[in-house]
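Next up: the structures, one after another.
Okay, so subunit A shows up in both of these, paired with subunit B first and subunit C after.
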Partner chain A sequence: MSKRKFKVVNQPLRKIDSLSLALGKPAYVGDLKPADALIIKMLGSPHAHARIKSIDVSAAEAMPGVHAVLYHGNVPRIVHTTAGQGFPEPSPYDTFMFDNKMRFVGDRVAAVAAETEKIALAALKAIQVEYEVLEPVFRIQDAMKDGAPVIHDEPEAKAVIPVPYEPARNMAAKVDMEIGDMEKGLAEADETVDHPFYNHYAQHCPVEPHVSMAWLDREDRIIITTSTQVPFHCRRIVAQTLGIPVQRIRVIKPRIGGGFGAKQEIVLEDVVAMMALRTKRPVYWEYTREEEFVASRTRHPMLMRLRMGAKKDGTITAVGLDATSNTGWNGSQGLTVVCNSGSKMLPLYRCDNIHFLGMAVYTNLPAGGAYRGYGATQAAFAYESAMDELAEKIGMDPLEFRAKNHIKSGETSPVFRALGEGSEGVDQVITSCELARCIKAGAKEIGWRKRKPHTAKKGRYRRGLGMACLMQGSAIPEIDMGAATLKMNEDGSFNLLMGATDLGTGSDTVLAQIAAEQLGTTLDKIIVYSSDTDMTPFDVGAYASSTTYLSGQAVQNVAQKVRKQILKVGADMMDCKVKELTIEDSVVVRKDGSEQVTFSEIALYSMYTANQFQIGDISSKIVHHSPPPFAAHFAEVEVDTLTGQVRVVKYVAAADCGTPIHPKLAEGQVEGAVMNGICYALTEEYLFNDKGRMVNPNFGDYKLYTLSDLPEMKTILVPSYEKTGPYGAKSVAEIGINGPLPAIGNAIYNACGVRLRTGPFTAEKIWRSLQAGGEIPFEEGH
Partner chain B sequence: MKKIEFTLNGALRQFDIEPDETLIDLLRRIGLTGTKRGCDTGMCGSCAVVMDGRAVNACILFAFQAAGRTIDTIEGVGDFDQPHPLQVAMADAGAVQCGFCTPGIVMTAKALLDEKPDADEEDFRQHLDGNLCRCTGYVKIKEALLSCSANATASGEAS
Partner chain C sequence: MNYVDFKIPTSLAEARAILTELGDQAMPVAGSTLHVFLRDESPKVGVDISRLGLGEIADAGDHYAIGATTTVADLHAFSAPGWVLNRVAEAFVTQPIRNMATVGGSVVRVFPWSDWPIPLLALDAEFVITGDQERVMSAKDFFARQPFHHLQPGDILTSVRVPKMPANAGFGYFKERRTTTDFSRCTVAACVSIEEGTLADARIAIGAAVPMPIRMGAVEEALKGAKPSAAKIETAVLNGLEGVRWKGLHGISDDYARHLTVVRMVDALQAACDEATAQTGEQK
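Right, the complex of A and B next:
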């Protein structure tokens, strides 16, 4: 529960940029394109695995209107990772701006910058390439076999932190952790389960595809305006990839049309920067939707084995999770995503014997990256499905089984210390957990008490209820840093300059609320400017559910400092002591009511009258905890047993995110994540042909839900107060996406006795399972 | 180059166009960037504009198809001093997250409401079937749209 009354925080205020965006004001990269910008187009590899034997770009270069062609022969060959992560990165260095080896269908062959898109496309056709086609490998199990084609055989490929990395075996990452003795725990159990699961490929589908532009300013610096979640990592990695100083690059993030993790990655920026240098013209590159599917990033598909044991009384005696991800053609975020499969789910239930084996494997398919949920989504499917199966075996209601075992306030888990971001993690005691209330509230809303076993159901249309419990984190402790600058203007308004990156979540609003609350002013007095590497202090960027919790504390700290400065000037002006003063609604008042000065008067005084100085400061923050948000999700589905079609009738998400700084935006985070999760569970799917080419890279054949598909959806925010967070807040952005796959899967089982271990839950899979008496043989999908 | 003429946001305008230029390319070229490009295949609705009262996807129309017609874009619908009720409702409901799909949704919903001011939930569901939003899960969008229906306002169900 909230510990105090707030004036700005936790209030139903309008998101600060929402009206201008609804008016259609120029805001995104594409809206800011200079009229004279050259258009960049990329020639993609037609082969999943090949070596360029020869390439001739002379005809393309000679075409009128073509200004430059880039390929492996005329750019620096500097190995790096495309993952926008802290430095040194936990992702392997295995990527070049251009290479002579092709590792997936769509891999970069050559880029053209031309006066028009038409000319650029024509120039791509004029590029002559001869390939030596190599044997490709697409499946996790095949990539791990002895003698499998080696995807990263270049000598430069390396890990830059001390972690296992064996590219010669297509192994991009490995982590192994044991607490207690899993085998002993399994032996002690009354009942056990041991099942495979497969999480399929999916894309973030931001409605704005990746888009970047660059030009040289009058001092010959490269100005990159880009749709990114990680402007500072982008600056660093582009400098590295081009072999130029960071100082020479400025990265500006305007509004972003969605990211969800896809834009925590350097996908276009190295090429636009290189092209700007080559052509000395503004250059612009926007992915097509097909390129967005194929050549940006995806959710890491994962092959899992989940072993678990429990006593009849519901005590969990052992959990074993083997998770192997398909990281595709590069190892971006491969290690950390799979680590999070362990670290973000395994602490959820008390257990003394836990084993976790995580691996990431290269294949010749699109590359995985950061995707909302970040490994926890994949693990939640396996773990929460297995929880249901084990509950049934020991004869317990799955809800009771979870309620009995889940972690609570004041408790810890050995997993927190054992498993971090590719290294050891950070110990923490849970200081806020309202999961029990989430379970109760959600169960009531969905009508859990009326739930009957599937054996009691008859008829063509059968309804079922399923649930799942979830946790995530809030920022990466001891690693991530955010900073903010705050300065006061003469009318009592403030400039809030932050590295933090609003990718559409509303973090600019949330952080401005925190500043206003701390200063004692109103939201409309805060002018937010974020994510410009020349103008704002550093922030790691928008990922790991960090912005509210981490950057929010940086903002709260700087606002606290500025508040002190304001009070000090007020005390000078009123010739009294600071402790005699307080702030009410942008006015510094004497507590006895005898005198007051407005913020504007204070600012004017500090600028023009006496002891002049700029009221303002800068603060940084790193965090020592990563308090998990918790959630309980409930789904009611209806299965048509004649066709196998499943429909979500109702979905309930009860979430504990601490104090919701902006309740509507917090609900929006849950609802957007849940809807994304529902689509992932039911319809979203990459289809590849036998050559590794995606055959459905468009919104006609890759189905996202629209308003017409919206089921009855209920979001319940169950507040807690996280004492380490700003005004009691934790994160909320990612957790919601983890629920639908297991909750809907469990509901399908409850409806008709069908257990699915591979998504999406298509009519065909359900129908085939019904024909097979409940389950079809497991296979690794795409 | 070819010369065409159509009514754009209430004013008769003339444009020189390429024969294969799309309507979205023309609009964005002349600075009306509120019409967004999300897929270029008519499947996401971000580029929805209103042509002769109907919502259409500007990315799969040639510019010449606008000749002699009336085209309304998001820029003609409202501004800071006089926003359209749909724009205010979207902002107030928390229905604008990244905002990239918002102009298309406003235009599509406006076309419906102009024709049927008392549109109900089923009407909105059908008409907005071509508009993708990846951020909101549509819950707040639905609230915002319904609050602008004469039906909802009259019965006090706006929320």
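Right, the complex of A and C next:
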């Protein structure tokens, strides 16, 4: 495949669902709720760690309008993971639909399905529960101590792939990797740094919270309509959790109001399915915002230690990253997230001596899960902060230090092979990397040349510049699979049926562009349907920055097959050879221009006239590479040194995502991720009381930027051509969130000499650091 | 809120009659933005007071009379000599909320983070309550406790009188928040007037970092008659904090709440002094 002029791909065409969404047409789960649906409400545990001594649901069951009450005493006890991942899952099996042990404030005690929400809420109040309150543990360091309360003491808890798992020590996952000799590398360095970092809790905050509904069809199959990123994993895990065959379940994903990883989990679907079975009625469950914060999933907080050494000439001699995540009450995605902290950042800079130790630790707090960035966000903070500190120590401009060391096209890293997702990774050579151009373009846009050290700055308000380099991946090689079905209709339009899951990213449009480009038709001729486990082929779902790269290849392949069929029919109709034909704008034409037939004529011919068959095909794709997108981020901040308030003056994100299939959507992904990251850096914060209860689970107290807070932002798409990707594309959705925390942190340091190692960068922390002369004692946060 | 009925009176007399009859069961409603924060689940009858002709700002000579159901958007859009509340409105959440929230609703129930009591205290506003007889309360008295406790069944806050800023006066206002939609963590309003190079009057109020909004009397006294220098302002603020109980909101410590407020008091006073100086054409 080579670079060429595209007609549909690489064009900012109208998003195919934009008009219907703008018109407010029914699209989301909440829009589709049957009028007679029962409403589900969940009683949450008031204790962070407790055992249910007794529970009496009889009064609730007896209430008029209540149709079912579920609790640990009347549902199957089947251990599973809620993580929507490839099978067998790398996450431990440590979860039950309901359990008699409570592991966080908000844990499932009992669910009620009732005629109205009011009745359901009243029924919850009628449930009598007696708890034996157990000692909770909230901090990583406390959970790892000998004698710490054991959160998963149930005998069923287990790992289902051969990885370290020690629930008796609250250890949900562990990975240890060394390349070369890190200690030797540190000894060879002229300068070293060795610092702790802490990444804090954060929630995805999709506009649409988790929402699911279910009913039984006339064959008593359970039809689940749910806001999910992983419909096929959902079907498999719900079947497992209920102990019923997969074939009894159909999962439909309508439009999704945002996911960002939160909906890569089976959070509601097991209960709605069980309620539908019990009540024989349609049932509907929508999380409140408080439940979304507490009982959904979060970014894994991580405690890190970053050691690095470099020679005066800028050669990095050693990197050591210890990353321990707080995986909360269950181990969902615990292993893979922490693995990604190593695998998605450590290959970024050349180094012969690398050590990575990753662990995931249970606590009695909300569970971590998949969240945009997926471990790379956490590692980027530590690594890119340390890069700045080391650059300063060896007397080199941090930009120059990065430019000297970053991986380039044609190079590889031993980390690719050494560290996969819970197992060994896959060797790969970088085949596209325009990071150098990203650095150059971003530096010019932010005005890097005017940067001065913080010691040269005076006055109350001080400005600073900071930057960070980033990489991510594109799908999980040798694991993730996507598939697509394409069939032609008699008017020359096509049905594109995909398991790939558009969660608001615009992937339906992007994948339709790829199909249209390959077929030689226009975007409006592609009718996209995604996703429905009865109707569309398997796809792992929308995660790991995989959809454009992985599902895009499946779509491109199937479109290529269908294109061949079209040409074959065209050749039959025009009585010529296929090689004499080409396709231009939905018309098969003889290259000499003497004859042509339209797509519609071809479809009608194949359906009704001769050699009748359905033009169409299916294609599956598994990828062997995970080409990283790269990015250079730059932040300019202003710090009020009297109050510690920090303001982002300007943010520049230069990204290499290969060919942007839809440049506007790609730009939107970068901008959205950067805004997401700026909030994470500055305002987002889980506040817990001493009993483990989150005290700010609402948008009034947990703050996100709105458009009115937007700083000046500049996104620069620096194109490369990834030869393994569809039309040269790589991923773009996740990488952007990894930059703001380190870039802003470095900019704050450059402004006023304050080095922050714990997020978020609140005004109070900066003020206290200023009072302390630049740094406050490190403390594990939440 | 648990509304069981809704009444829409079209005159003040009718509204008062309904409120009197319903007593505690009545909940006066105008912009309704306040109700998000109320946790009262007892049955209430909503009484819409937005159609009583109380939504105008009138020039009343030495002051502006703001009808209680005037929206914050209208305060924002209003422009006239001696009028500064548009600056407060500018920092009040976002336009959709400014379109709904009313000045009356913003002051009858005071939350720790409430914006409006602070500038109204600093500006020496007065509050007109229409009951069997009309009565006028000073801002200090009005905010001395939760204002809705001043209202008996049938009473309606009908107007807020805001003195016009004289030509030799300046106003400073700061509201600390993480985002535009955030609750305030510290709100400070200062109003000063300068005569012959000295501070003839200085009023300063603070909120959000304290349980209820308050005037900082000791600071004011220390500044009156003084030259408006940065050093004098800082000294007056630092020496005038005795007895203040600090309360950090939304994850900030009490200690930091105090520090932030002190900085912003100095900032607000300085901004007010700068403005007053510029107004009078005098040099500091």
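Here is the rule we use: the second predicted complex is superposed on the first by the 780 of 782 C-alpha atoms of A that agree within 3 Å, B and C clash if a C-alpha of one lies under 4 Å from a C-alpha of the other, contacts with A are read in each partner's own complex, and residues count from 1 in each chain.
Going forward, a residue touches a chain if its C-beta (ideal position, glycine included) is under 8 Å from a C-beta of that chain, and two chains touch if they have at least 3 such contacts.
Just so it is clear, the model here is predicted, and its values are computed rather than measured.
In the superposition on chain A, A:767 contacts subunit C only, with no contact to subunit B.
In the superposed pair of complexes, A:532 makes contact with neither subunit B nor subunit C. In the superposed model, A:19 lies in contact with subunit B only, and not with subunit C. Contact with subunit B, but none with subunit C, is seen for A:28 once the two complexes are overlaid on the shared chain. More subunit A residues lie in contact with B than with the other chain of the pair subunit B and subunit C. When the two complexes are overlaid on their common chain A, residue A:713 makes contact with subunit B while staying clear of subunit C. In the overlay built on the shared chain, the residue A:645 is in contact with subunit C alone; subunit B does not reach it. When the two structures are aligned on the shared chain, A:687 is found in touch with subunit C, with no touch to subunit B. Of the two partner chains placed by the overlay, only subunit B lies in contact with A:204; subunit C stays clear of it. By the touch criterion stated above, A:704 is placed in contact with subunit B and with subunit C alike. Common to the subunit B and subunit C contact sets on subunit A are residues 699-700, 704-706, 708. Note for the complex: subunit B touches subunit A at residues 28, 33-41, 43-44, 46, 73-75, 77-80, 83, 86-88, 90-103, 106, 124-126, 128-142. On subunit A, the positions that touch subunit B within their shared complex are 14-15, 17-28, 30-31, 204-209, 255-260, 286, 288-289, 503-506, 664-665, 667-668, 671-676, 698-700, 704-708, 710, 713, 715.
Within the complex, the subunit A residues that touch subunit C are 642-643, 645, 682-683, 685, 687, 696, 699-701, 703-706, 708-709, 762-764, 767-768. Those residues of subunit C lying in contact with subunit A across their complex are 94, 176, 178-183, 250-253, 256, 259-260, 263-264.
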